[in-house]
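So, here come the structures, one by one.
Two complexes are shown next, each including chain A; its partner changes from chain B in the first to chain C in the second.
What follows is the complex of A and B.
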């Protein structure tokens, strides 16, 4: 049994690790230009300047953000690419250099081309003739953003008076371009090569940070993501905890009651009603309630849509328990009815299923009846499938109320998620998603352990599976 | 009345919505000539036919037609009725010429007819539900079937072939990604890809060197992926993946919902295949030397289909709900898209417009309810 559990837990941890890799790559691909985003608020960030000058400023910022490291423990790239290609940071430069490399397949030559280009630009900047300098600056920008060798060559061909002061540089460039145009990647150089970078990579750094509880800073307001989550989580726990708790408290006795009373047209209608309740979308009911709450003349005296900050500042449950719970009542109601209906139906059907089992018949023939039969023999077996729900309850405590929170304006996790998504604050979004998947895994482990402990049949079959 | 009829109504409206709610009339007479605009407009869109110039310059409401027979709802979902701007309630006095033009479900802030949008919503819900269930079903049956049929022990390869297979898969990933990197216009990359595919096929016919055969844990790998996807709640998964797509449209949302939903189907298919694969008639089929594909497709899958339909019904409902959530939150769909969710979204800005909440919400409820009822019926039938 222990080996079964260890096996389960290790696969769960493995799947969490896979999720973390996927989320890291998502974050990298979705986030846009982090350097630009981060430096937007600060005055010394790289504004739009000449691409040849911007690269330097950009890479300083990128190194500060640890972006100059390889992405992952290893990479599989064509042998065309040098193993230090990841060090290039500026997006334009990456694009152009990659294009040139794929065309020519000669990295040293591409590098020397860019060195010559940068040198040329620096000399142009220093030159005193202003009209000449402006002309060449524009020309060099066009050249630096182009990867078409023929076009570059034609752009270097200018009238004599413009050409004369920089004759040496242009000659050098033309020489390199001539060499480049003769190169082409050999057939074998496309074959992949494995580069191993070791632990000093971006993913590893990010993962270690997440493990140690540092989720980074939000790109929206510069606050720690951890603080934001800590602030939001009590609200979500209140809403979901109350909803799930009430749903269970209601559905258990109700389900058992429904199972025990004789079947009639009435029970059929109740079951029908329960299914309808389950299908009733909570965000619809929520917006109808909100319509009632905000329309003038109607409204609920105990609920105010902007009341959340009041309770946030004044201590919530501890100081005004009754009015606080009343304030929560509408969102909690919206979340409760569907769950309660579902659980009632589930409890009822599992109770009925157990009642049909042969061992209950046997217990009846032995003379056990009434209360003792139901409590001792039926209930424990009917509760057994409910353990599986524990796996769902733990993540649902945090995630169950996204839309409800958005509708009722509750400053909880769901609204935090949607707000961060809309303002492209990916650090918050993805660390939240990772947190939720950890909670799900935790729930699965917990329900597994409980199932194995409570049901000897599962314990036995788990051991048997190991043997086979 | 049985609730499942709502589902059929929804299907009908999804297919024939344009014939019921359209700003174009069914029949009109213009300058002495007869036109059937509703029926002809698809032909015009395809370029097989052309409207007269007068039709193109004016909107259909303004055109001065000699005779016309309107559709049941004389508005398209996108039609802006300038006379009834700014949230006209169904019971308000509306600025209309005849009862035919009445907005039976009111209008929204910019004067679009809610009933017409509601009918378009049926199409959105049905197409998202149907396509996502179709794609998720294909993915789920394929992967779940492989996992259940072979399990961890029955897919055996010689050590050599297993190694070649692994290298081949990694290489294929690499070549395809390189293809994207070079915009598919590098000739040598193309040759490499062809060499790789042909080489892969050739290795199938190689003799298996070495007598030692190892079992590939197909089930373990697929279950791991399913577990990883299931660890993230559906809405979260959708919200985490959506930003990856630059301008998401209907089909992107469908694919994402399918990626989320296929695990449910795959788990069920896996369990069914696991229990069916050892039945006697399958062993008989194996003795008859049927190949694996035939056994799975013709003998196991039809037997597993009974319980699959139930999941399809529930997945359909789940997809409709997810699509409504996305529309309601205003994430994912292009801004002009009209669906039940996006109609309800407008209530958040105008809380007093109850008709924008009641009608689409009722439609979502009824569609979910009817699908759930159908699922329950199927469940009762099969057990």
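What follows is the complex of A and C.
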């Protein structure tokens, strides 16, 4: 069993590691630039300036956020790209430089082209003649955002009057452009080349932090992600724990009872009813309840939307536990009814299935009947499939229901997730996803072990096949 | 079991019971002098220098005082921490020639909570934080980087002078209303900032160089970014009338009036110091439906930004009417469509004007915003004195649009219903991609309405729905043809931010002439002379139509009846400090 467990756990760790790489990759590729997101102030932010001036401002912020390191331990890129390409951070600059590099294959030349362009821009900005300066600023913006060599050349061809003051610069640019147009990437350079960056990379830093329990700080409010999750988890645990607990408490006896009288009209009707209940969308019921609960003169006068703080202020300390539970009653109800309906049906069918097994028939012929038969022979076998659910229950306890938490204004994990997503707080979102992946892994292991322990017929090897 | 049988019955009962309302309408549930305000999103920080979420401003503003602040009703800048409006001198000679000198004096009464006086040293240190290159305060620096000199009176630390390098008309606002004065002895107890020169920080924003000058500056920034100065009462409180009591994450933030606040004595005569409510309770309820339910249940007293159709429904609800007053102040913001004039198709101003004629703005206001909007013709608010009222909003007329387009050389040569023209020798159809915010229903409806009307004029509009961040990125990289956008307006228009050719000028408007107008206007200290130039500039923008101005929306605001309140054009439309409890 020990070797089996070790094997199982190591595959899980491997998959968690792969998940972490995927998450990191996603984090780096979502729309919305982290630097710009962090530096927006009262105005529209500093990056709506000329692209040739923006890069400088941008990289100052990028260094502050530690984005100037390579992404991963290694990179596998066309040999055209220099191993220091990651140092370019400004999104527009990356795009244009990449395009030019792919066209020409000559990195030093591309670099000197941009140096010349920036120099040109700096001279233009200092120019005293405003009409000239406006003209060239716009021209240079177009040039800086273009990677079409022919178009760039034609944009540099201007009237004599505009050309004269910057003759030297334009000549230099034209020289470089001429050289660039002669270049083309050599055949060999299309083969990928491996760059090894070592441990000083963004992913490594992030991953080491994560496994040492440091989930980083939220880009939204600068708080530790760990603190935010710690604050949100109790709410979700309460709601989901109660919901799942009540659902099981209800569905087990109910399912068994219905399985014992499968043909009665009562069972039939209840089954219909449960199906209908299962089909009712919880967000709809939640919205209805919410309005009824709070409209004066109707519904549940004990429920207030602004949460239990309302009771704290109005009800005093002694009332707290009761009002707290009352406060949770509506969200818990909305979470429970569907699950309970589903589990009842599930329990009922697995109980029925076991009842039809030959060994039960054998037990009956041996004279075992009634309570003893059901409790000792049917129930343990009918519970087996339920164990698989544990794998799902553990992460479900924590993830919560986004919809329910938003509607009832519960500051739990679901609302934390949606708020973080909307404000592009990826540190929180990915820590959340990672946490759920770990819990799912944990649930899988736990259900495996429980299955093995509870049913000697399932061998380790068999489980392994099943699980993989 | 029985419970489940009762469930559908209960639901039916709930429906029925909603019809009868037996409660006495004249009795309010809430009676205390505590204003409960709904917040759409949780603030990120209660730090005026670091917060990036606009909702935070509502919460931290009552904690602080500015040197001068806008009066919420008159929108005039009035002294708050200052004794009086500063003396302004234009410098005609010497080192700072061409600049402006402002002489300030802070009120004698002004003290921090621990009794220490508010002095110029506090303000200077606050500005040093703004210019700390390791803090994300870039947005504020642009307003203050013109400072050439900051001198504190040797004898009276409440007196100080600042010199700006030019005669920028909004200089006074930048110096007095951009950042509040924060308590130096709280954020800098070791007096580290005394070693730092403010002017050095302003002149060289590079982090590496400043780290060489002041090795402690990064640690200072990291410490300042911590929770203490953003969430903990001792760290966030200022000289304002309120103090932070508690912040329950995701639930509520409670502010309480300071017991013996120094400004109370002044409040009798000076409305800038009025602070009537005992407590301000900010309830964080992101979901609009949930917030409406809380409003109906009188759990909140103030709610703004209510969806137009909900607002109308609320108005017809007798119970809500019994407890709340409805306000629709004009808000200082406007909606417009930006056209990328750099593109060949949109480079002709006749084409752009034709687009403007093809949009039925009145229908937009009525169908999407239920009539809560005022038309405008220029980028300013129509109620502003600076607004050029001689320019009339462009009327909806497909005929005029067609005429202008044919004048510009567009015709339907291939009879496919879409106009075309030879541009650079290539036949080009009048097809324009319109970027809309896919996550906002109103933005998409707006796009559909515009598309269907433009079609009649032979313009083919292709709607491209994208999320808000992608839209911003596309705007920034000028990768758009036509895009719907909104902007918030300031009481004073400073066109250099959006209309100068070297600024955040998305549409590509402007030339040498308009740039010089803008410079001239922003350096003109005389208001009436400035307005003349401003109106000229507005007329030029109107003529060029780089942006099709749609309308200025009205705020939809509800305030509990137990408070006597006045709405304001300043976001969020109300000023809770001036809420007076009505006693019968």
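Side notes on the structure shown:
Rule of thumb we're sticking to: the second predicted complex is superposed on the first by the 360 of 468 C-alpha atoms of A that agree within 3 Å, B and C clash if a C-alpha of one lies under 4 Å from a C-alpha of the other, contacts with A are read in each partner's own complex, and residues count from 1 in each chain.
We take it that a contact is a pair of C-beta atoms (placed from the backbone, for glycine too) under 8 Å apart; a residue touches a chain by one contact, two chains touch by 3 or more.
Computed from a predicted model, the values in this text were never measured in an experiment.
Shared-chain residue A:245: touches no atom of chain B or chain C. Of the two partner chains placed by the overlay, chain B and chain C both lie in contact with A:291. When the shared chain is aligned, no partner comes close enough to touch A:321: not chain B, not chain C.
Of the two partner chains placed by the overlay, only chain C lies in contact with A:61; chain B stays clear of it. Of the two partner chains, neither chain B nor chain C is touched by A:175.
Contacts of A:406 after superposition: both chain B and chain C are touched.
Comparing chain B with chain C, more residues of chain A are touched by C. Of the two partner chains, chain B is the only one touched by A:19; chain C is not. By the touch criterion stated above, A:380 is placed in contact with neither chain B nor chain C.
Of the two partner chains, chain C is the only one touched by A:145; chain B is not. Chain A residues 287-288, 290-291, 294-295, 406-407, 424 lie at the interface with chain B in one structure and with chain C in the other. The touching residues of chain C, when paired with chain A in their complex, are 1, 4, 7, 11, 14-15, 17-18, 20-23, 29, 36, 41-45, 50, 52-53, 133-134, 136-140, 142-143, 178, 205-207, 225-227, 230-231, 248-252, 283-287, 289-290, 293-294, 296-300, 319, 342, 467, 469-470, 472-473, 476-478, 497, 501-504, 506, 508, 510-512, 515-516.
Taken in their complex, chain B has these residues touching chain A: 170-171, 174, 178, 181-182, 186, 188-189, 191-192, 220, 223-225, 227-228, 230-233, 235-237, 239-241, 243-244, 317, 321, 324-325, 328-329, 331, 344, 347-348, 351-352, 354, 357-358, 361-362, 364-365, 368-369, 372-373, 376. Put simply, chain A touches chain B in their complex at residues 11-12, 14-16, 18-19, 22-23, 26, 29-30, 76, 78, 98, 102, 185, 187, 190-192, 275-276, 278-281, 283-284, 287-288, 290-291, 294-295, 395-396, 399, 402-403, 406-407, 417-418, 421-422, 424, 426, 429-430, 432-433, 436-437, 440-441, 444. By the touch criterion given at the top, residues 31-33, 36, 38-50, 57, 60-61, 63-64, 91-92, 130-131, 134, 137-138, 141-142, 145, 220-223, 228, 231-232, 250, 254, 273, 277, 285, 287-299, 304-307, 309-310, 337, 406-409, 411, 415-416, 419, 423-424 of chain A touch chain C in their complex.
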